[in-house]
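Below are structures written as structure tokens.
Two complexes follow with chain A in common, the first pairing it with chain B and the second with chain C.
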Partner chain A sequence: MESPLFLPTLAACRLLLAWVQLPVLDGLQLDHQLTSPLTSYFRLKEGLWLYHHGVDPYLGGVLKHSPLFLSLFSTVSPGRVAWALSDIVGAWALVRIWHSRQQLGQSRRDGLVGAAYLLNPYILLPSLASSTSTFENAVVLLTLMFAAEGRPSPALLALALSIHLSLSTSLLLVPVLMLLVTSPTSRLASPRPFGGSYWMVFKYASEFVVYWSVLVCAASIMAGGVWNWMHESWGASLILPDLTPNPGLWWYFFTEMFDHFRPFFLMVFSTHLAIYIMPVCIKFQHDALYAAFLLLGILGTFKPYLTLADPGLFLSMFAVFPEIYPYLRHAVVTALLHAHASLLLPLFHALWVIEGRGNANFYYAASLVMGVAGGAGIVDACFAGMRIAIGNGSEAERGKWEVVQQ
Partner chain B sequence: MHWLQHLSRHCLLLLACLSALTLAIPQEERVSNFFGRHTGTSGHTNNWAVLVCASRYWFNYRHMANALGMYRTVKRLGIPDSNIILMLADDTACNARNQFPGSVYAKAGRHLDLYGDNIEVDYRGYEVTVENFIRLLTGRVDPSVPRSKRLLTDDRSNIFVYMTGHGGNEFLKFQDNEEISAFDIADAFEQMWQKKRYNEILFMIDTCQANTMYSQFYSPNILATGSSEIGENSYSHENDNDIGVSVIDSYTHFVLEFMEGINKTSQVSMQDLFSSYDPVKIRSHPGVRSDLFQRPLESALITDFFGGVSQAEIFPVIEDADTTTQHIIRVSSPDHVVPPDPVSPQAHNGQDFDKANATAVMPQKDAVALDVRWRDIRKWTSIVIVGFLVGWVSLVR
Partner chain C sequence: MRWGTIFFALCLSASSESVTSYTNNVPPGESGERYDEDLFIRPLLDGRVATTFTFTTDLLGNVSRQSESSGQHYTLFPLTLGQILREYSIAELHLTLNSGKWNYDHWGYPDDPSVGTGAELWAWMADGPSSTIDERWTGLRNALAGLFCASLGSLDTRHTSSPSTVFPISFSSSIPHGLRYANLPSENVCTENLTPFVKLLPCKSRAGLATLLNPQRIFDADWHGLSIHLRSTEVGTELKLGVQAVFDPVRLSGGRRRDWSFRLLFDRIIHDSCLVATSSVVRVQIPDSGSHTLSPASVVDDNLTAMYNLMTQAPLDVSMSWPHEHTFQYPHVHESRLTPLSIQRTLHGSSQIHGHLFIALTNNGHHDIVVGYFENLPALVTLWMHTMEIKVDGTERNELISNVSYRPHQVLANGQKSPSTFQAILTVPASSTLHLSMEISRAFLKYTEHPPDAMRGWDLPPAILFPVCEPAMGICGMQNTSAGMRDRMYTPTLLIDLPTPDFSMPYNVIIFSCTLITLIFGSIFNLLTRTWVIVRVED
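Up next is the complex of A and B:
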């Protein structure tokens, strides 16, 4: 893994996997764990077909992708190589984030970091299923990479693009802005107040708004209207029109709910995502990259249309923070919960939908296990990030100070 | 001078209406030709079935089996449960005397369970009454009656009405305490005709002296057939020794046997069915009444009444939006349409369409090309904007 050829080999293997037509992978595109209505390849192709035949693709509620996907894939055909390249770009970005954090040009752990992204089944399988969450993850990683390397404009453009593709990624706006004005190196062990310049933050925020508006203009021109694609693409995360089962926690609530309470619960679920931003960013103001990492974990558990790619990104990013490993209290438990969830989800889905012997409750129970797994990961990472500042309470240090409040 | 303006405005409006009319008329013709009744085709768009078993009690097992056999056939040939009204006393399958609880068989040997686990009985037990039957047919049901118990037909529905039970000269006994007469059914059908509740009806009845039941019909488009003449009994076909009673009636048995050879694509006609009647085997003389039926029996398909078959037309594969509209207009010309069966209404109407559409093709071709051009412009504009932004950010900033 330390060899410099390891990552290129992995990249070549990933490209090979895209080029070879394995019949066992054909069914993956229909799997509800790997794709959601917002990321499904079939819906993208349907939208492309409608677009090519002169019908507004956003009319029927079929297409929930951004119009930029439409414009991209009507020029470049949506082949599997695009997904493989996107995976490789994501892995490369993760390795560069690692380098920025450690302030190294290269390190022995590069291969491990790259492999943590490319070989993670939560990332690999949705990519093989041609789910557009691959592109979303790659753009998020590019955002963090540019922000960590201190290049504000590319970072803000990538952030604007990632929020454009998936509205929930707006959780990352504050940490990325913070990261741009501070450094990406690990300051978890020695926290200090936020030292960045608020004026620069404001400047970057306005630059972000400009980029975002330009992208919205381009998308509106492509879709031939402003409201149709916004309502379908971003509105899907807010209004939840499509109740296709997914590993997330939202859909079941809304299948069993009276219409009267629907707006209230939509508000609650959306606010639930938003309320994590400020506490996490305030608590981890000394290490904005870690705050972004935690917010990605929150997204990976509580997102509206969750697929396995979202917790996958969170788990892959653990590779960038080795300093917290001694302070993780229940890593094995989290891993086992994820193993349980990833086995139960397809099983109960098949039992319910294909065989008709189970029902939605089985599947939601499995997605609750996934939620617990995600929650366990976030809580562990959060506490580890804080505990690292206190130290591990070894004998030598215990005499020196006492922890009054943890 | 504003009267001149008014005049010119009205002239423009008239011109617009006229041009719309001239463009619309070919559309109207096309639609009416598609839906119209042509010699040979039925012109129906949906199929319904009303299957009535008017007897109850264990010893009338065979009437239940008759109705369930018809139910199975009609479902197999494509009529969905939502379009079938099944009226049974439904006291056979779970009868205390049934050696095979939950099952109803129509043949000795008990190979095929007609009751099964996937049947929908709409009127059961004491709901099978003359009043309910006539209300069902005429549509005069109480507002509280659910949709599944209503005959929601329209003027393009072909209805298959099958009745079985104990009957006599112009009457049918319902559930051993009332009877319906041939006049009642005839009047009910006439009400249906007046209210445009059917396109064509096939009335089939298997009782003693069955042919008398259709002797009083007077509404058009009814084809009727019965199992026995006046003064004749209809006999049961066979007993099953373990069930202990007769399991099927002779006439229905032979009709069902005939139907076993029919599938959804079958082109077998009603005349073939009627020709297959063998009075020796059936042990009574089945009759047919077709004077009210306006099509020749050779061109009336079995699936017109027994099946829920929809007509499909094959269009050539649409490759590009440029030629989309042209394809849809041109498909009616004889060399493009693919009519597999001779009764398709398109085949002999192709000639009319070409002339009518000559005027309609021209203005639409340009509009489509412009549309495609505009779409391409939009697509490339958005790509250029995004590309420019990415390039500017990466190079300049």
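Up next is the complex of A and C:
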């Protein structure tokens, strides 16, 4: 893992995997754990068919992707290599983030960081299932990479693109702006007030708005000069029109919800996602990259239309923050919860809808375990990120004092 | 006693007065009406007997365009239907309520082509400015639902489409007309529909051919259906009320003989003819094999049809028997197919989320058949058009499909989803089978959207094969009539089971999910807001 050839070998293996034809892979495309209506390539292909046959692809509630995906895939038909390349780009971006954080050119942990992304089953399986979440994750990592390297324009463009592709990613707007005006190096152990210039934040925010508006206009032009794609694509994560099961918490809640309470709880669930932005950014104002990491954890647990790729990104990013490992309280429990959930989810899903022997509640229970696992990860990361500031002290004083919160 | 006599006399004089005023108000030339009835009996190859009752009322002069002020006076035409026609300015109306699966291979084309299982309603309405077509369509559905005691009110926007090439308008008009079509495959036809139906006839079921409409026998038939067809013609309006039923005398005789008679099929005979009918005819098609006897004897014309005039021959009990046949032998299944096309439509796949829709069209003739295909699927099912495959003998033949038009389902203003429609023209090569397959997905519904018996599944409406109009020829289906399609054909309905949520625990789900969210939210905010302190541990 410390060999300089380890990462290129891994990337080559991932590329080779794109050419392997396994009958299992076709079945993965329709798996509800790996693809959601918002990220399914199957639906994108249907949208392309409708587009080529002169039907508005956003008419039937089938296509929920951005028109940018539609125009990209109607000009080139990339095949599975695109997903492999996207994974490699994501891993490369994660290694670059690690470099910026450590202020190093090369390090012995590079291989480990790259492998944490390329070999993460939560990342690899959705990618093999041709889920477009692979591209979304790569764009998020590119955003963080450019922001950590202090390149505002590419970072803001990538951020605008990632928010355009998936509306929920707008949680990252504030930490990315903060990261652009501060340093990406680890300040967790030595917190200090936010030192960036607010004027610069405002400038970058305006730049972001310009990029974002350009993307929206470009998308609308590609959609034929109409705006209904917004309702289908962004509206889907706000009003949840499609109740296809996924490992998240939204779908069964709104399947079982009484009709007249639906709008209220949709509002509550959306607000609940946004409510974490300010507290996390204020508490971790000294380390904006860590704040972004925590918010990715929130997304990986509470996002509408969650797929395994979302918690996968959060778990892979743990590799960038080795300084918090000694302060994690229940890393093993979190890992076991994830193992438990990822075994139960496909099993109960198959029992319910394929075998017809189980019941929806089994799958719901497994998705609750997934929620507990995601929550345990965030809470632990949140605790460790603050606990590190106090430190463990010397060996001689161990056991004479304890750190608590009051 | 005395008061009763006076009251009775008063009633009598009032009623006779109203009758005279009624007849005086209708000059014979202005609104002539004509009523004909016809019963066509066709013994089928598999021993069954297809019977088709047609009660035709012709109304000279147009109901729908009369001014509001003039009253509606009909002698033979049913007033209730006339009111509906005028209220919603209907130019053409077709309503059928059927039960059973029409077996085209063994029974041939039905005499009335509308044999789709369940309820089917389509109407051409004048596109007037006063109220929109959709408003009038809603009114029409509800009026017909009330008139025929059928659940036509649920033929709402979730089932309604406008496939004007499949159901073309039967007359040319200068006013623009709009079509609305809907079907409800789960609707059942029964006695409560027949009773109001019979009331529309001038002689009810007391005289004439309608005497034979014995609900206990009609609804015991293997296939049965009621139909109302209303068309505008050059001279006025034509109303055709039809009853079709396919009886199985072999079953009625305990699996031995295929002899039939009115008495056997309907448990009744015709005693009187309907006096207001202009013509009242019973026609019997004579089978090719000549070992049968027909009673009473009748002259058989060129079309191998025996004809009885009820006006002169009542009382009448027609019977046909095969005296030399000891036990009826069912013909071999694949011996002969009576229609040029055989259709199969099936759903494949065991999973409750994804599956395949297969359509197999077999051309039984020696000429290529060009045929239109139409699907009107509710939003429970999503067709994946990019997976469409057309195969003949295992090889892909995409050139055989043309004019594909697909309209995905749409969320309407009232929150309901309109059905998705798929229409294409298929060329079925001679003496081969064309397989059309598409992948489908089944919707995940809210728990409130499932019907009470959710595990039963949902009926998908039949697909329709229709003859294709060649614009160059000017007339539909005239080329190669013997080899081509004569009329619409319906596939059987399908039953689809959707994945169901648990119906018993909405509260539990709300409680569990909210608890988990609160737990995580609370833990994070606890961590973020409380201050850190170092506590010295005393030994």
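Everything below uses one rule, namely that the second predicted complex is superposed on the first by the 389 of 406 C-alpha atoms of A that agree within 3 Å, B and C clash if a C-alpha of one lies under 4 Å from a C-alpha of the other, contacts with A are read in each partner's own complex, and residues count from 1 in each chain.
Just so we're on the same page, a residue touches a chain if its C-beta (ideal position, glycine included) is under 8 Å from a C-beta of that chain, and two chains touch if they have at least 3 such contacts.
All values reported here derive from a predicted model rather than from experimental measurement.
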| item | value |
| --- | --- |
| Joint occupancy of chain A by chain B and chain C, clash or fit | clash |
| Partner chain(s) touched by A:340 [first = chain B, second = chain C, both, neither] | neither |
| Residue contacts with chain A in the superposition, chain B compared against chain C | C |
| Partner chain in contact with A:330 - chain B first, chain C second, else both or neither | neither |
| Which superposed partner A:71 touches (first chain B, second chain C, both, neither) | first |
| Partner chain in contact with A:53 - chain B first, chain C second, else both or neither | both |
| Which of chain B and chain C A:253 touches, first, second, both or neither | second |
| Partner chain(s) touched by A:218 [first = chain B, second = chain C, both, neither] | first |
| First (chain B), second (chain C), both or neither touched by A:203 | neither |
| Which superposed partner A:361 touches (first chain B, second chain C, both, neither) | second |
| Contact residues of chain A, present in both the chain B and the chain C interface | 53 |
| Chain A-facing residues of chain B, complex | 318, 320-321, 324, 368, 371-372, 375, 378-379, 381-383, 385-386, 389-390, 393-394, 397 |
| Of all residues in chain A, those that touch chain B in their complex | 51-54, 67-68, 70-72, 74-75, 152-154, 157, 211, 214-215, 217-219, 221-222, 224 |
| Contacting residues of chain A [partner chain C, same complex] | 30, 32, 42, 45-46, 48-50, 53, 55, 59-62, 241-245, 249, 251-259, 272, 275-276, 279-280, 283, 301-302, 352-354, 356, 359-361, 364, 368, 371-372, 374-375, 378-379, 382-383, 386-387, 389-390, 399-406 |
| Chain A partner contacts - residues on chain C that touch it in the complex | 350-354, 382, 384-386, 404, 406-411, 417, 420, 444-448, 499-502, 505-506, 509-510, 512-513, 516-517, 519-521, 523-537 |
